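Look for chain A in each of the two complexes below; its partner is chain B in the first and chain C in the second.
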Partner chain A sequence: MGTVIVDGIEVTVGDNERLNGIQAAERAGIDVPHYCWHPGLSVVASCRMCLVEQGTKDPTTGKITMIPKVVPACQTPAKDGTVFVTNSDKVKQCRAQVEEALLIDHPIDCPICDKAGECRLQDYYFEHGQQERRADLKPFHSPKRDMGDTVTLFVDRCVMCTRCVRFTREITGTSELMVTHRGSHEEIDVFPGYPLANKMSGNVVDLCPVGALGDKDFMYSQRVWFMKSHPGVCTGCSTGCNIDVEENQDRVYRLTPRENMHVNQWWMCDEGRYGYHHVHAEDRVVGPRRFEGGKHVNVEWTTVTAELKQKLTAAGRLGAVLSPHLTVEEAYLLIKFIRGIDPAAVLALGPVPVVGTDERFPNGFTIHAEKAPNRRGIEILLAHFGGKILSFADFQKELDAKTIRAAWVSGGYKKSDWNDETTARKFAGLDLLVVQDMFASPLWNAATYQLPGGSFAERDGSYVNFQDRLQAVKSAVRPPVGAWVEGQLYWRLLERPGLFQSRKALVEAATEVPALHLAIEGIPATGLDLNVNKLAEAKTVAATV
Partner chain B sequence: MAKFEPVLMANMQKPDSHTIKVYEAGGGYRALKKALKEMTPEQVTDTVKASNLRGRGGAGFPTGLKWTFLPKNHPGPIYMCINADESEPGTFNNRYLMELDPHQVIEGIILSCYATKAVTAYLYIRVEYPLSRKRLQSAIDECYAAGYLGKNILGTQFSLDIFIHVGAAAYICGEETGLIESLEGKRAWPRIKPPFPAIEGVFRKPTVVNNIETAACVTHIIDRGPDWFKSIGVPADPNNPRDPGSYGPKLYCLSGHVNKPGCYEAPLGITCRQLIDEYGEGIWKGRKGKAAIPGGISMGLLTEKEFDTPLDFAGPGKVGCLGLGTAAVVVMDETVNMVDFLYNSCRFFAHESCGQCTPCREGTHWSLTMLERIRAGKGRLRDLDLLLEIGDSIGIIPGTTICGLSDGAAWPIKNAIRKFRSDFEEYIKRTNPTGYMVTEPVPALAGAGHH
Partner chain C sequence: MKTDDPSVRWIDEPKLGLTGKMYLPAIIQGLAVTTKHLFGPKMTVSFPEQRPEIGNPLIYRGVHRLNKDEQGRVKCVACFLCATACPAHCIDIIAAPSPWPDRDKYCESFTIDELRCIFCGMCEEACPVDAVELTSMFDLTGRSREEMIFDKEKLLSVYDQTKDAEPMKSRVMGASP
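Here is the complex of A and B:
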């Protein structure tokens, strides 16, 4: 244990912790401004915004000796007895000078810059800058160029922190970005013919502390201060990257990674980042429909909820397909509903899309081939309720055997190509087929009841990722008019009062399913490792043996 | 003062002085044989330490002390880097050594490597020195043939290879960690310290970076002993325990407005005026001197009144200069306009700033654009204060940058404006009679800063 003093505030640093001045100050509740430093990248100490005064406290005499010059906090280790001063006049002057220097060649085109509102150059100018411009006035000039398919560089907005360059060297290992020229003529660039084309390219936009790197997907679409961000989990693959879903008035504008050292650190892949457009797709199905008289006719949700239970009860042996896109809570409620009607109902895991193979980056970040967020969650529930885990193929065999008379198929898939005519024909012999999904498909067209469901941005609940980490999500937007998020429908079918409450459903599920017991206490922001439970169980078993 | 007997330049007048034959005839490689046969590496280090030899590259750091910073009992490899990227304006002493007496340098390198247990030496030379490179390479080839380089030198266990690496001539490659980055094939952005090169240098291994002239001095220290070396130069200041003194001979590069510019060897501590009058044969065209750069442009300026400053490691600092630097004295006569001098200096540093640290990258560029505007007759008195503020705030001494390049950029600004402020004010008032009092920002010159 060591004690570091930041502006007179003592903070404790553990023996095995390696903190720098910025992190130590953060612990004392003090923000040290910085551009180039990022906890996930190497230290270059080049922006010089984090300059502080530093000294040491003599452990025996208690006398503090300061060194005469300023030091970059990012590069200075916070060891026992280290003293940082971040609020002296000298430090303030250094910050003002760096801020002034950075603004000499900056176009100051905030009104047309996407970064405005979350830009460090802006924030630090207000906080640490000097109010008058002293450098010569320059005509407005802001050249831009393409870095690749996803990112545009606004050359003059750059502050040369080289975070993006280090990201492509250290995290993705692809090294597309580089610094060209020298001195104040320096620019970020790519080598001709080798654009920024890695699968994590979007991260450089988040890393950019200013508006130099613009995300083409987000560009000019929304001012950041209009958006609200909601903690979520990416459903693009089984990694379960923690994200913020940023929306304004029920429209999602971008997804950004949220720090979680257990899962995705600070990053997310482009596939996940740009894979939200289906939420607002034109062809998303809305309004429930019932098949009668040779065609599907619109019905009211109240009619659906009123007659479904009765129709399912009348059908006899039931089967339910639980999509890996459902949250744990939703899957649990569906099981409760189906098993409430037919205690011997067949339960199966929905199709799990797999594309290619897992892609691992040099720093360990992995894009999984399994393109669904909650296979493990469904499996945990199936193992508890079904005994054995039936796959979608197994379920089709059950259909062939004609044991099932009515089936409930849940969806939530991004694309409608998870089933085809052949699959749909297998369901043809049923008395009743209920299909919930976002997009029409052959199976959808064969359904007795077509129930438009929710997308990931609309769900409340939790997912279990590939490493058995249970992570909570909050709905960011409301579903389109006419669509009901699965949880809401099940809640109503189970005749629970009011709106769907994922917390209640989770407590219920956790009480009933031993593998989820830990979640009774709630899910922390960084998720809950369900394997901890297993380890504990294994230990108990070992102890009793 | 008795005429000084040259040591480093002793061989240079001889015909074919660059060949091993001539060098050996003059006692060359005697020191190497002595060291390898009679001395342990530690003894060589101790001898150099005892001589108080200070690095000739510019910073004047004690060489022996630098060697002892290497980790003890390191499994290796340990590398030696020889900095021949001589790019400080006004400096050409290394060039003399490399072109006219390369074997003296090579012998010093071998001795330094023996002392530091380095197995490979990289000689980083700038591309503008083709003759130096050619002569060094042929000297190295001759040494391999003579058994002074390669495996088991002179039958001992000591082996050494020297490689010449040609840099693409950026000033920043002369900074030791910039040099290391460049040698590794990267952009020459100086590294943050610690770790210092002695702990983690070339290819992340312990590394010593020494100057060409330092290596040449090592040869003579081993040959003639530390006491001989300490008999030359200026002793340490007894009132300053941290002053290691300025001992030994030094190659002074004299250029500018003197009658006889050139590279002259003199004991450390010669005054600027002695150098100009005794070696340079006075200011040219019968004019009076106005100013002189004491040791390369980054060291600042001496006024004519300060010409009696001794050019040792401590002398120039006492009159507000940065230090002795490379001992490259550039003399300016009374006709020189200090605005032009400062413009030239700012242009150089704006061009050579590596662009890593914000204060240096933007500060050097900003000062250049101001100087350009002043020279275009649009100067303001306020610009002088802004220039001084830039000069006072950038550099490794205030702590705002990673390396010392911006200290070098700051010193000419600070010295020129503080020591010659009336020149600047007169120039600005004369060329911009209507606008010199303006304090608001003015439009930048079109195309300003395109160095």
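Here is the complex of A and C:
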């Protein structure tokens, strides 16, 4: 244990912790401005924004000796007895001078810069800069060039923090970006013929503390101050990266990674980042429909809920396919509803799309081949309620046996390719087929009841990722008019009052399913490791044996 | 500003004298003003045959216009600052990369709901490129609500109509061109 003093506040640093001045100050609640330092990247100490005064406290005499010059806090280890001063006049002057130097050749085209509003240069200039700009420069136009398919570089906005360069070298290991030229001619660039084309390229835009790197997908689509961000979990694959869903007036404009050291650290892949467009796709189905007299006719949600219960009860043996896109809460409620009607109903896991193989980056970040967020969550529920975990193929075999008379199939996939005509034919012999999905597919067209469902941005609940980590999501936008998020429909079918409450549903599920017991207390922001529960169970079993 | 601010100067209400307490002198004074205006020059104008005079067009807040630059392109860079400043939320902009090499961003669509607008002039003040300005056109009518939602073309045409009578305010006021 060591004690570091930051501006007179004593901070305790653990023996095995390797903190720098910025992190030590953060513990004392003091913000040291910085551009180039990032906790996930190596230290270069090139921006000089984090300059602080540093000294040492003599452990025997208690006398503090300061060193005469200022040092970069990011490069100075916070050891026992280290003293940092971050608020002296000297430090303030240093910051103001760094800001002035950066702004000498900055275009100040903030009105058209997408970073404006979340720009470090803007924020720090207001906080630490001088009142007036002494350089007599008018705002100018920054030349731009493509770095790759996803990112554009606005050359003159760059402050040469080299975060993006270090990212491609240390995190993805692809090293596309580099610094060309020297001194004030320095520029970020790619090697000729080798554009920024790795699968995590979007992260350099988040890393960029200024507006130099622009995301082509987000470019000029919205100003950042209009958007509200909602904590979510990426549903692109089973990694379950923590994200912020940023929306304005029920339209999602971008997804950005949210820090979670257990799952995705600070990053997310491009596939997840740009994989939200289906939420606002033109061909999303809206309005429930019933097959009647050779065609599908529009019906009201209120009549659907009443009819479904009655018709399912009349049908006899039921089967339900739980999509790995459902949240734990939704799957639990659907099981409750189906099992409430037929206690011996067949439950199966929906198709789990697998594309290619897992892709692992040098820093450990993995894009999984399994393109669904909640296979583990559904499996946990199926194991509890069904005993055996049936796959979608197994379910189709069950259909061949003709025991099942009515089936409920939940979808929620990003595309409609999770079933084909052959699958649809397997379901043809049923008395009643209920399909919930976002897009029309062969199975959807064969359904007796077509129920438009929600997308990931509209769901409330939690997912279990590949490492058995239960992570909560909040709905960011409202579903399009005519579509009901699955949770809301099940809530209504179970005749619960009011709107769907994921918290209540989760507590109920956690009380009933031992593997989810930990979630009774609620899910922390960084998720809940369900394996901890398993370990504890194993220990109790071992103890009783 | 707080009431205990040192720059606040407190003034006591003057005490009423005998004439003040009687009220009658004050009533006579008021009637004298009324009578004077009865016989004085008439201020009323017969609108619309006769147009009232706008005192200072530079500070008048009438219908909006979108200014054009020297090359006849819309000056707006779609920074959304007017929409941000607007207390009535009547400005709606869609931004796009500009088709011109010397500019990055421009407004693909720019609409102002003139019925929603409260003519406070905040948009004009917020604009960093002096693209949106309020003219001294005040007699604004339309046959439907839709007609009163002014789009980019209409706002640019207001500029064409008023540019001769009212040059761009920024230039008159000595700001950047």
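By definition in this document, the second predicted complex is superposed on the first by the 542 of 545 C-alpha atoms of A that agree within 3 Å, B and C clash if a C-alpha of one lies under 4 Å from a C-alpha of the other, contacts with A are read in each partner's own complex, and residues count from 1 in each chain.
Note that in this section a residue touches a chain if its C-beta (ideal position, glycine included) is under 8 Å from a C-beta of that chain, and two chains touch if they have at least 3 such contacts.
No experiment lies behind these values; they were computed from the predicted model shown.
Quick one: classify A:Met438 as touching chain B (first), chain C (second), both or neither.
In the superposed model, A:Met438 contacts neither chain B nor chain C.
Once the structures are superposed on A, label A:Leu196 by its partner contacts, choosing first (chain B), second (chain C), both or neither.
neither
When the two structures are overlaid on chain A, which partner does A:Val263 contact: first (chain B), second (chain C), both, or neither?
neither
Looking at A:His141 after the superposition, I want to know if it touches chain B, chain C, both of them or none. Which is it: first, second, both, neither?
second
Applying the document's definition of touching, compare chain B and chain C: which contacts more of chain A?
The larger set of chain A residues in touch belongs to B.
Applying the document's definition of touch, where does A:Ser46 land relative to chain B and chain C: first, second, both, or neither?
A:Ser46 sits against chain B, while chain C stays out of touch.
Please identify the positions on chain A that touch both chain B and chain C, taking each partner from its own complex.
In the superposed arrangement, which is not itself an observed complex, chain A uses residues 138 for both chain B and chain C.
Give the list of chain A residues in touch with chain C in this complex.
109-112, 116, 138, 141-142, 144, 219-221, 223, 225-226
Sort out for me which residues of chain C touch chain A in the complex.
Counting only chain C, the residues touching chain A are 77-81, 84, 95-97, 102-105, 128-129, 176.
Touching residues of chain A toward chain B in the complex: what are they?
For chain A paired with chain B, touching residues are 43-49, 51, 69-72, 75, 93-94, 97-98, 101-102, 104-105, 133-138, 159-160, 179, 181-186.
Please output the residues of chain B touching chain A within their complex, sorted ascending.
170, 187, 189, 192, 350-359, 361-366, 369-370, 373, 386, 393, 396-402, 441-445, 448-449, 451
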